[in-house]
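Chain IDs A, B and C follow the sequence of writing; residue 1 opens each chain.
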Amino acid sequence: MKGVAFGQYYPAESPMHRLDPRAKVVMAILYIICTFLCKNLTGFLVLTLSAAFLVVISHIPLKLVLRSLKPILIIIAFTSIINIFMSRGEVLLTPESWRIKIYAEGLWNALFMVLRITVLIIGTGIFLTYTTTPIALTDALEYLLSPLKKLKVPVHDFAMMMTIALRFIPTLTEETEKIMNAQKARGADFTTGSLIKRVKALIPILVPLFVSAFNRAFDLASAMECRCYHGGEGRTRLNVLRYRTVDFLAMAAVVVFGVGLLLLNRYGFGYTLS
Amino acid sequence: MYKIYLEHVSYIYGQGTPFEKKALDDVSLGIREGCMTGIIGHTGSGKSTMMQLLNGLATPTEGRVLLDGYDINSRPEDLLEEWKRLPEYKNLSKGAAKKAIKREVLRRKRELCFRVGLVMQYPEYQLFEETVFKDIAYGPQNMGLSEEEISKRVREAARFTGIEEELLDKSPFDLSGGQKRRVALAGVIAMRPEVLVLDEPAAGLDPRGRDYIFEGISHYQKTTGSTVLIVSHSMEDMARYCDDMVVMAEGEAKLHGSCKEVFSKVSTLSEVGLDIPQITQLMTLLRKKGLAVAEDIYTVEDAVLALRKLLQKGKGES
Amino acid sequence: MSDIYIHTKDLCFSYTDADGKIEHPALNGISVDIREGEYVAVLGHNGSGKSTFAKLLNLILEPTSGTLIIGGVELTGRELSDEEVLQLRKNVGMVFQNPDNQLVATIVEEDVAFGPENLGVPMPELRRRVDDSLSAVNMLDYAHHEPHRLSGGQKQRIAIAGVIAMMPKCIIFDESTAMLDPSGRREVLETIQMLNKQHGITVLNITHYMNEAAMADRIIVINDGKLLLDGTPDEIFTKRELLQSVGLEVPQCAALIHELRTAGIDVEGTCISNVESCAEIIAEYYAKTNLHREEQDV
């Protein structure tokens, strides 16, 4: 499987990998809240350090983590520019040829914003995609959302759909490659010509791909029926998720971290967001 | 004269990654023109890789693939050398020359696809058009032929593969499995390739469907004198239809020669873990039991002839 | 003789088009009895109705008319409860043609657990069943692998494990070897043989490979939705012309024996479904004629 977005999971043996996926989902949510609790320089420094700590204990190469920031670089740049120019306060400098003034507040706001987004992305990435397989994540969501079943939300069905999608991604990727080769052998040209021509050139790939996906879906439905699938009711499970003490400790740690950030808001120093 | 010659060809998958795997290891091999050659080997023996090398879908890591004596893969470096000698080249900037060369390499690659037709495994998955006619016409259209010529070729290809005229206006998705397979085959034959390469053309078909496919291939080969290569697991099928055979194992061509020659080396064949035709197994057993039958019998007809002589001789003299 | 497990009488099935009109009869009055522990091959060319037959036995399709009794329970002529349908599918498992399209989970052991999970098998028992099924098909070492990285034969064995984890009485193989290479086919056929001989599971193998059918105790040939032949492989393979006329062919050895007989060489023996016995038959004939000649020479 090459470069499929889901494939961000980084296989390693780390304390983070071993945590219960449900705990990790909860922690990710708590951690996101934490990033919004910070108000002053001390707080942000601690937050940045916490992100670094997460990277270290989950054994993910820093390079990989930084690469994941690339797609949001534009968002970071955009928000920082907005922040620099939209804030008012103490004038820091006014370049002569420019009409705009740059304020110290603007720079601080921009810096905090960039830190917040960066930490947010790194944090959720570490808790969720890097250290948790998509399938474990699906399981976790099914468990966590199961109270919604009482409200007739088809949680199990969504989870099953997700599982099947994950199961078939590699199969269909391989299939796409096969079909492309077959059409190339019939002289298909995907690389030259105008945009319209190139989009048209995709039809000989997309039609067979859809036909095959439908056939597969049909086969799979029969196969599932034959194996007595009748929805989530009365199903047992081979691998049941179980919380361990360490999962609770980890979740508690994030809560304590959040409380700490709140205290820093009061007792910390440095520039403070209004 | 060989139609295709593999010259010290090696192919390595995922070179430089932990998944590196040598699929072909220094293979040198000539395919006779106008013959049907069977390439046999089990999964992972390198036979499918070899097939992709023949029409440029893959490029050898080392060595050359020659078609009519010319390397099928034009390297940009070689093209540059060639072009430097042309007077027009001097007027081109470096960037423009690079672009032009890239285009030329692509153009040659496509051209090659038309000369070496490739029919993949389960080719019915490649059908996409509204009608059988349009689907068969896809290849010829990509060749840039005139409407008239396209129509001629589609009908010709349909005749070779035994697709009835009235099927041409039907949707390919309404056909039976065997018919779909034949339409896909016709789609490649319509390009009139000099070399036709097929990967497991009869996989999953019943005996009747399999016979239709092989008859179609054989009809095309005999009429046009083209060279045909069939990749297969089934030695029984290959014995029935092919002139020559290549046995692949561990990325090497272990045996190569006429069917007779290859089948007489049964011991090597069992080493590489292939299914030997029942009839050859039977002959081996009979030889062990003391009957004087030849080693190179691999079809029922030959076996009947050999045994008739042997068994009737006894009777005749009595 | 053991009990009859599957009994069909005049079983018919027709596909209907969107308006509910009968389009084309796929199965036209099949009456067979299959005994417990039997290994039956169902032969027929593509479109002969053999796959439809299998789907009826599993109630994926509902018979249009006729009688179907499985395990002593009559399944036709009345509304069936969901419970009954589940019970039937638990007892009659099915393995399909395309190995990729019947695996549900992304990890081998979870896929094997899928059936029993659906049946609500509780935990220590569930784990035991999964492990037992995987070791039965010799795939225990792959319990934590991802199915899409396995070979075709291995995938198909996982699918078989998924069926035996439901502890069925009977398994139907719907052209389960058609997409496999020879080594994959061998793996699957050995597994089928083992399930039948060691675990006493009734096997229906739907196929168009004659060499495969030769391994069964009994062959049923279906053509145009009707039962054409029913007998042991040895009996069936003597009917070469009839088989050929319906697009099937006999194994090479059986064809050879047949040809020799037509040529007036009257090799004796009825056991023509495997290579060894054919060699035996021919060698015996050879010895006899040679002996005869030597006697005369003396």
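Remarks
Basically, a contact is a pair of C-beta atoms (placed from the backbone, for glycine too) under 8 Å apart; a residue touches a chain by one contact, two chains touch by 3 or more.
Please read these numbers as outputs of a predicted model, since none were measured by experiment.
Taken together, the touching pairs cover every possible pairing of the chains. Between A-C and A-B, more C-beta contact pairs are found at A-C. If you average the CA atoms of chain B and of chain C, the two centres end up 32 Å from each other. Our note on geometry: chain A versus chain B, Cα centroid distance of 46 Å, whole angstroms. Of all the residues in chain B, the ones that touch chain C in their complex are 42-43, 176-178, 203-209, 233-234, 236, 273-275, 277-279, 281-282, 285-286, 289-291, 300, 303-304, 307-308, 310-312, 314-315, 317-318. Listing the residues of chain C that touch chain B in their complex gives 45-47, 97, 151-152, 175, 178-179, 181-184, 208, 211, 247-249, 251-253, 255-256, 259-260, 263-265, 267, 275-276, 278-279, 282-283, 285-286, 289-290, 292-293, 296. In the complex of the two chains, the chain B residues touching chain A come out as 52, 55, 57, 103, 106, 110, 113-114, 117-120, 123, 125-128, 138-139, 142-143, 173, 187-188, 191.
On the chain A side of its complex with chain C, the touching residues are 135, 163-164, 166-167, 170-171, 174, 215-216, 219-220, 222-230, 234-240. Contacts from chain C toward chain A in the complex involve residues 58, 60, 82, 86, 89-90, 93-94, 96, 98, 100-107, 109-110, 113-123, 126-127, 130, 146-148, 162-163, 166.
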